[in-house]
Amino acid sequence: MNRGLRLGRALPNLKRAGALSCSLLVGGAVLAACGGSSDTSGSGGSSSSTSGGGTQLSLVAYSTPKKAYDALTAAYEQTSQGKGISFSQSFGPSGAQSRAVASGQPADVVAFSTEPDISRLVKAGMVASGWDANSYQGVPSDSVVVFVVRKGNPKHITGWDDLIKPGVDVVTPNPSTSGSARWNILAGYGAQLKEGKTPAQALAYLRTLLTKNVSVQPSSASSALQTFTGGKGDVLLDYESDAIAAKKAGDAIDYILPKQTLLIQTPIAVTSNGSHKSQAAAFVQWLYTPAAQTIWAKEGYRPVVQSVASQFSSQFPTPPELFTISSLGGWSKIDKTFFDKSNGTITKIEQAAGVPTVSS
Amino acid sequence: MPGVRSRVRVRPGRGGLGLGVATLYMSVIVLIPLAAVAAKAFGQGLGALWSSITSSVALTALGVTLASSLLVAAIGAVMGTLVAWVLVRDRFPGKRFVNALIDLPFALPTIVAGLTLIALYGPQSPVGIHLAYARAGVLLALLFVTLPFVVRAVQPVLIELDPEAEEAASSLGASSFTTFRRIVLPALRPAIISGTALAFARAIGEYGAVVLLAGKVQIASLVIYNDIESGTPEGAASLSIMLLAVSLLVLVLLRRIGGRGAT
Amino acid sequence: MRLSRSVTLSLRTVALAYLVLLLLLPVGVIFAKTFEHGFGTAWGWITTPAAVSAFWLSVLIAAIAVPLNTIFGVGTALVLVRGKARGRALLDSLIDLPFVVSPVIVGLALVLVYGVDGWFGKWFMDQGVRIIYAPAGMIIATVFVSLPFVVREVAPVLLEVGEEQEQAAATLGASRWQTFWRITLPSIRWGIAYGVVLTTARALGEIGAVAVVSSNVAGSTLTLPLLVQQRMTTSFGPQAVTSSYAAGTELAIMSLVVLLAMTLIAPRKGDAA
């Protein structure tokens, strides 16, 4: 009996533990609503997600434009139609994000890297087919493919042919998930065509690049940038906007605008199954206003509205041999021939290169 | 006393209901989701499943993962036994601290483990050793997360070991090495095997510790993740089934050795 | 077995060197790199709104997963050790499954069941319950991966403690519930405590499965491990890595607390340590 009494004294501890975990549960639920979504140091308390009664729009975007959208959403919240609107933001590789939205991730505004990522949602009935019907084909800002190098360009990278020189370590993302990776590969392909090579020779160039010189292919553009700034590789293929942002933030890099490069047109659309369609549409429309276009420019993105673009033309020189995706045949054709999961030419090259692509 | 006999049964009826509830919980949380993976893999037809499993990417991923995990398990078996030996048979200041440290990989989140290894052995390594984005880095990450398995399996057995047999052997003139090889090691063998098998099973599925530093190394969990993110759930399910099959084999092996189990 | 001094010393050196190189050094480097720019900077990085949300989300998920698995664990241990029903052996072997299933497979499995195209996904969506890309899915994933710990710690203790006291209580007229609450439970409390600690560690550190089911929205579906990964792969500037290490250190300190609990409880559990 004595042992029973002694052991029984352990009970209050267990009861206390039970009470503690219950209060944790309630407290945790309350406190998880505190905090917020901003991840900049020193931005302290009050950027909580739903501040009393306002509308929250969910933005699902590709991996790199966080800084730009932080600035844009902050400015939008100051405008008259933006009052009371807050944003939840999700960033990740464009292909993966697009598939996530197609699989049910909530989104009011989708800002992806390539047009096929939006077309996927049109096919799934989540985006209306007229999303690109405005005068800018649904693209609020542009960029170009650039070479990001170490400060001072120690390996003297100037053109696409430097990338396949032996000993040059190239970093580019994985095209099975990343939109930027596809822009990079197509830029290399198009550059070869501009130099007068045949499509077969251009593919051979890509094969050499991807199998011999590319040593690591992270899943997204931002991940690739971090891998590069972490010390890996001699040159990174990336958006000009990403390179500008990194340089501004103090990373020890430079970027080279190659003579031939591809114009990156990143589309944005409103989902048709969101619950705040009109507010989302108002935000997207605002992105084309001169005020917003100026913010795009300041964040390193090439404005599409001519009046603003001309103001920043010195900051964004036009590459002598710039080409667009339409000159290569347009996205639907390219997506199928190059990046089809089973038969795409690039898919096959990547598999031969030993990159985790798709395992079927 | 009348009535006492019926009271002696401790859990009348608890068996059936308790087992049912436990099985329901297991089914909802574990079994049904795993069945969905199997259904996805086999649902694409045996032909498609076969071509998926034998695709170059899947085969490479399996090969690299299994080989790396086997190597890690082997190293872990040797080093784990050594560490366990030192912790049990040796005495030095700070031994208790070192002993507590062994559980660190159990307590530390795997992503932090990967972070530490990139910090120390990545491109900006303060000691000038660069192992990231290569097999060596992956092996190191797997060694980290599997360290405690063999050590903790061997330690209790080593402690319980009766010194009589060893003393008899040495009094008959056997060298330390012979004594170890013929008396101690056989006694430790089941524990070493069970710890190694668990380490192997853990290594083939590891994600968090390798995601930051694998680079082009084809680790199965990373390929599966990429398949999921790139919208190829059938490929993911096919590779998952292969990985699960290997894990289940290991579990069966463990059962045979009788290293675990409450019954 | 007597080993010569030199053999003892060399074994000790090899073992300690291995542990230092593999365990201590890397962890030390993280602490060093976290505070590279000063304590204030590091503190700033773990008090951003996103980091605070991530911390509480991790705690919330653990606060749900751990009690669930503890109740399951104690109940199942009782069934396995004290129960008489058939089929216990099968249940026993199934319990180890979460130990050997890769976390990304767990994520895939949950998407296949609860996702929009999954087995029950549509039903849940119609009820207005979002599981994938929401905290609910992350909780289920965490329950899955941390399921076996309490069972595996309590069952051996139950076995060792034996049924005598419970039988004595029964003969003295105690009801089943009284016996359980006042005799059984206290006798296994250190096994439960150790299992709870292991479960908590696993729950806080989970990343593979929750990465698949998370929507990566800072403030609502980013746990602390996911935040560490996100900061390591998406930040700019020389502070990018520091911010990731800071969050990593926060996680490391939480796990050191867990490690301390493990070290203190293990001897009481009767484990040889």
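Lettered A, B and C in written order, each chain numbered from 1.
In this text, a contact is a pair of C-beta atoms (placed from the backbone, for glycine too) under 8 Å apart; a residue touches a chain by one contact, two chains touch by 3 or more.
Treat the numbers as computed from the prediction; the structure is a model and nothing was measured.
With A-B and B-C as the two chain pairs, more C-beta contacts join B-C. Distance from each chain's C-alpha mean to the overall C-alpha mean is smallest for C. The mean-CA centres of chain A and chain C are about 32 angstrom from one another, to the nearest whole unit. Between the CA-based centres of chain A and chain B the separation comes to 36 Å, rounded to the whole angstrom.
The distance from the centre of chain B to the centre of chain C, with each centre set as the mean of the Cα atoms, comes to 15 Å. For chain A, residues touching at least two other chains, in rising order: 230.
Each of residues 111, 232-233 in chain C touches at least two other chains.
Residues of chain B in contact with two or more other chains: 118, 224, 236.
Against chain C, in their complex, chain B makes its touches with residues 4, 7-12, 14-16, 18-19, 21-23, 25-26, 29-34, 36-37, 39-40, 79, 82-83, 85-87, 89-90, 92, 98-113, 115-121, 126, 140, 143-144, 147, 155-156, 159-160, 163, 166-167, 170, 176, 179-180, 184, 198, 201-202, 204-208, 211-212, 220-221, 224-225, 228, 233, 236-237, 240, 243-244, 247-248, 250-251, 254-255, 260-263. Residues 41, 44-45, 47-57, 59-60, 63-64, 66-67, 111, 115-117, 121, 125, 130, 132-133, 165, 169, 181-183, 185-187, 189, 215-220, 227, 231-241, 243 of chain C are the ones that touch chain A when the two sit in their complex.
Note for the complex: chain A touches chain B at residues 93, 95-96, 99, 174, 176-177, 215-217, 219, 230-232, 341, 351-360.
Considering their complex, residues 1-4, 7-8, 11-12, 14-16, 18-19, 22-27, 29-30, 33, 72, 75-85, 87-89, 91-113, 118-119, 140, 143-144, 147, 151-152, 155-156, 158-159, 163, 166-167, 170-171, 173, 176, 179, 198, 201, 204-208, 211-212, 224-225, 228-229, 232-233, 244-245, 248, 251-252, 255-256, 258-260, 262-263, 271-273 of chain C touch chain B. Here chain B touches chain A in the complex through residues 48, 51-52, 55-58, 60-61, 118, 122-124, 132-133, 215-216, 218, 222-224, 226-227, 229-232, 234-236, 238-239, going by the rule given at the top.
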